[in-house]
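Going in written order, the chains are labelled A, B, C and D, and every chain counts its residues from 1.
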Amino acid sequence: MSVPISAGPVPPDLLVDLAAANRILVAQGVFDAAGHVSMRHPSARERFIMSRAMAPALVRSTDLIELDLDGVACAADGRQAFIERFIHAEIYKARPDVMAVAHSHSASVIPFGLTGVPLRAMYHNAAFLAAGVPVFDIREKFGTTSIVIDSPQKGAALAATLADKAAALLRAHGMVTVGPSLQAAVFRAVFTESSARIQQQAMAHGAAIAALEPEEGRLADAVNLATHGRAWDLWKQQAMAADSNI
Amino acid sequence: MSVPISAGPVPPDLLVDLAAANRILVAQGVFDAAGHVSMRHPSARERFIMSRAMAPALVRSTDLIELDLDGVACAADGRQAFIERFIHAEIYKARPDVMAVAHSHSASVIPFGLTGVPLRAMYHNAAFLAAGVPVFDIREKFGTTSIVIDSPQKGAALAATLADKAAALLRAHGMVTVGPSLQAAVFRAVFTESSARIQQQAMAHGAAIAALEPEEGRLADAVNLATHGRAWDLWKQQAMAADSNI
Amino acid sequence: MSVPISAGPVPPDLLVDLAAANRILVAQGVFDAAGHVSMRHPSARERFIMSRAMAPALVRSTDLIELDLDGVACAADGRQAFIERFIHAEIYKARPDVMAVAHSHSASVIPFGLTGVPLRAMYHNAAFLAAGVPVFDIREKFGTTSIVIDSPQKGAALAATLADKAAALLRAHGMVTVGPSLQAAVFRAVFTESSARIQQQAMAHGAAIAALEPEEGRLADAVNLATHGRAWDLWKQQAMAADSNI
Amino acid sequence: MSVPISAGPVPPDLLVDLAAANRILVAQGVFDAAGHVSMRHPSARERFIMSRAMAPALVRSTDLIELDLDGVACAADGRQAFIERFIHAEIYKARPDVMAVAHSHSASVIPFGLTGVPLRAMYHNAAFLAAGVPVFDIREKFGTTSIVIDSPQKGAALAATLADKAAALLRAHGMVTVGPSLQAAVFRAVFTESSARIQQQAMAHGAAIAALEPEEGRLADAVNLATHGRAWDLWKQQAMAADSNI
């Protein structure tokens, strides 16, 4: 496979945003020592940007790599890409509306991926969950594996499971969230984790849960998309305060 | 709607207290990137003070706006008010005894708003819950909405549900606490969240829960109102230590 | 009641230990904005030392007051004693073996005080719980109250419930732990809270819990009493690192 | 018992790694004020290195002691070894493949040791659990004890229970994890604790849990062993940032 030519430089402030997004998801308890978030190249729909294979807590602008939708890096300069870049590549391929993708091993969502109990929207912040959250079980198409999404085929199968939703769970692995902007994908990752934690508690009540209905979710998600900048501004400020040189 | 004339300046130390209250509720895990706390204007009962629309962790005195009880800002100087200012405005209208209101999306109370399991007072710190905690389900009066309290009518309906209580839950949304002082409303927000967390655990025992009885709650709340200054002093000192320029 | 004469000065390093103990219990999640820990006067069995009424996170040596076993302060110099000093006074009166007492509103133990599910020793660190943990319900002797232990009579009733044990729960209120040294009472407070948290989880398994048997508890507690200095040294070092001037 | 002669110095960077491993396990919530992690001597299979008896949060290179497989220290220079060094010694004796051992009182695993509910692999990070996690109940061979592994015999019994597995639970006490490298044993300790926390949640769903199957676990563990350096690098960097002089 030949190395693709770069689609051109990304504005530095967007690179800082993407580096910050990695650190924000650590600070918010969505990422641990692993996890990755990417954005579509702002001027080339067939390219996306994500960090080289490293702990998200440490990502700087200079760690970001441009890849094509086959998951091949342009000018990686010896920097190694994540094995699981195919999660991102195949979702960008299948979902023209998606501008950013986050993948994590968030603890609170794992149980739902293991038991098949449907994740629902516990509050307005997680409104996007009201449309449904599919579960990807790698065994269905690929049998016994290492769980890792290490090929375009596996990435494409995950993207097919995700379909038109904002979030999907990966059995015994984690989740993906997507959005029309980097800020939206980050916001959704944070509140998928939070809503799962709340649902776990609500289920223990042993009573019916008056979760957001799909139409309530659609309306509330529109408000979130218009207002999540406040959360982003806070989180980015906190990330920059912890390390101004990202 | 014409812009109301200011009822006059608020003493600077009270503004610092209100800015600190926002940060305290973040530090205590009641607010996340969202949430707002207000106080009635100390010399004008038809006015209240709350921050412009922003993350509560960042609020300073200079971010505080005076509003009237229709939720219209006096001299906002371009600073945008929260959509949900009607929660505050309508509670001040309906409840002459209330001098402060806090609204949050605290994780531990959400399950109770979703299942209808009554929140009770698990210990003396949460004594005010023993009088009962009503749940506001916006669907009852307004059908399918974005969940947001974005009109005087919705604020008034919430205030009617709150009635004479110290706290109310909002289905799939969060809670409000009120008090005869800013310090009381903050204290009650902290211990509503804490008591909910404890009740969740107690319910898992599968045995009767000997929560505070209403009269115990009344007696214990009186003690709290006389002594919560110790908690406030600590919390404010911690907020000022984190950022002395609020 | 006349003001008792001081039994004499306490060595400064012991006062620093007691101030540190307050801060350690905050750092370990046992105390919140409230809670108090005392020690018997090292050279006067009828006296004990505890802080004036204030948040434990802020206690310094200069905040410590000497009280007699009726809960009357010697030379408080205007510093106000805690209402609940009678918890301490009456336990020192009833239990000659006890050299220190801690009282907290620790969240994890409250459910057990509310439901009557017996607290057991989940691991060696909490070995002292294996002897049993009585629950004090203030209603039994005093009917409807504010829950506060605000008289010698209530303190004595709590001490009677504690009997010869190392810990007792107070319904809808919190716990007390005692020990043959300040370090032991602190260690026990930390691990009562921790063991309660673990028991909550173990109970959810729906299976028999192979907790420490009483004789295992006795043997393990002896080891703890001989080795808990390692935990104390760490905790005190951390408290002093946070504020060297206590 | 005569003092064994040292097998020779250990490269300083490996000593720093071992000191860092202690601090990492504190930072990751696996160790509290107690816990110890050891490594086999890099050039002498009959020796291992672990810290003197102290809180793991404070360990420096200079606190590390060389011991033989009977648990006897070479040149301890007055530094006291942990009573439970026999856990380490006997596992090194029984398991030639093991190069590092961690022992903790991690809160999330204790319930599983008490109830006998089998710990399973909730996600790829905990893949090594899919082979099974035996539980050591000291009562079976030794009757009523202090729970402490204070003799070669008890250590050997634990090693026999561990058999060829990567982790074992100790009833009412904690866990051990082992690995082919220090980094692997640390990684496994972190994710045993994490997976237990997740399993606790998944069990509450009351549905079948699609945990990793044994062969999935074998495949995923191989990936982990090849990639856990990313987590280690982050964790070590954080430990050194907190205290560069370890």
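The working rule: a contact is a pair of C-beta atoms (placed from the backbone, for glycine too) under 8 Å apart; a residue touches a chain by one contact, two chains touch by 3 or more.
This is a predicted model, so every value here is computed, not measured.
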Call it same or different for chain C and chain D: same when shared residue numbers make up over half of all numbers used at their interface. different
Angle (degrees, nearest 5) of the CA superposition of chain A onto chain D: 90
Determine the centre-to-centre distance between chain B and chain C, using the mean Cα coordinates as centres, and give it in whole Å. 33
What's the distance between the Cα centroids of chain B and chain D, rounded to whole Å? 46
Residue list for chain D, restricted to those that touch at least two other chains: 204
Under the stated touch criterion, can you name all the chain pairs that qualify? A-B, A-D, B-C, C-D
In the complex, chain A touches chain B at residues 121-125, 127, 194, 197-198, 201-202, 204-205, 207-213, 215-216, 219-220, 222-223, 227, 230-231, 233-235, 237
Within their complex, state which residues of chain D touch chain C. 32-34, 53-55, 57-58, 83, 105, 107-108, 110-112, 114-117, 137, 139, 144-148, 171-174, 200, 203-204
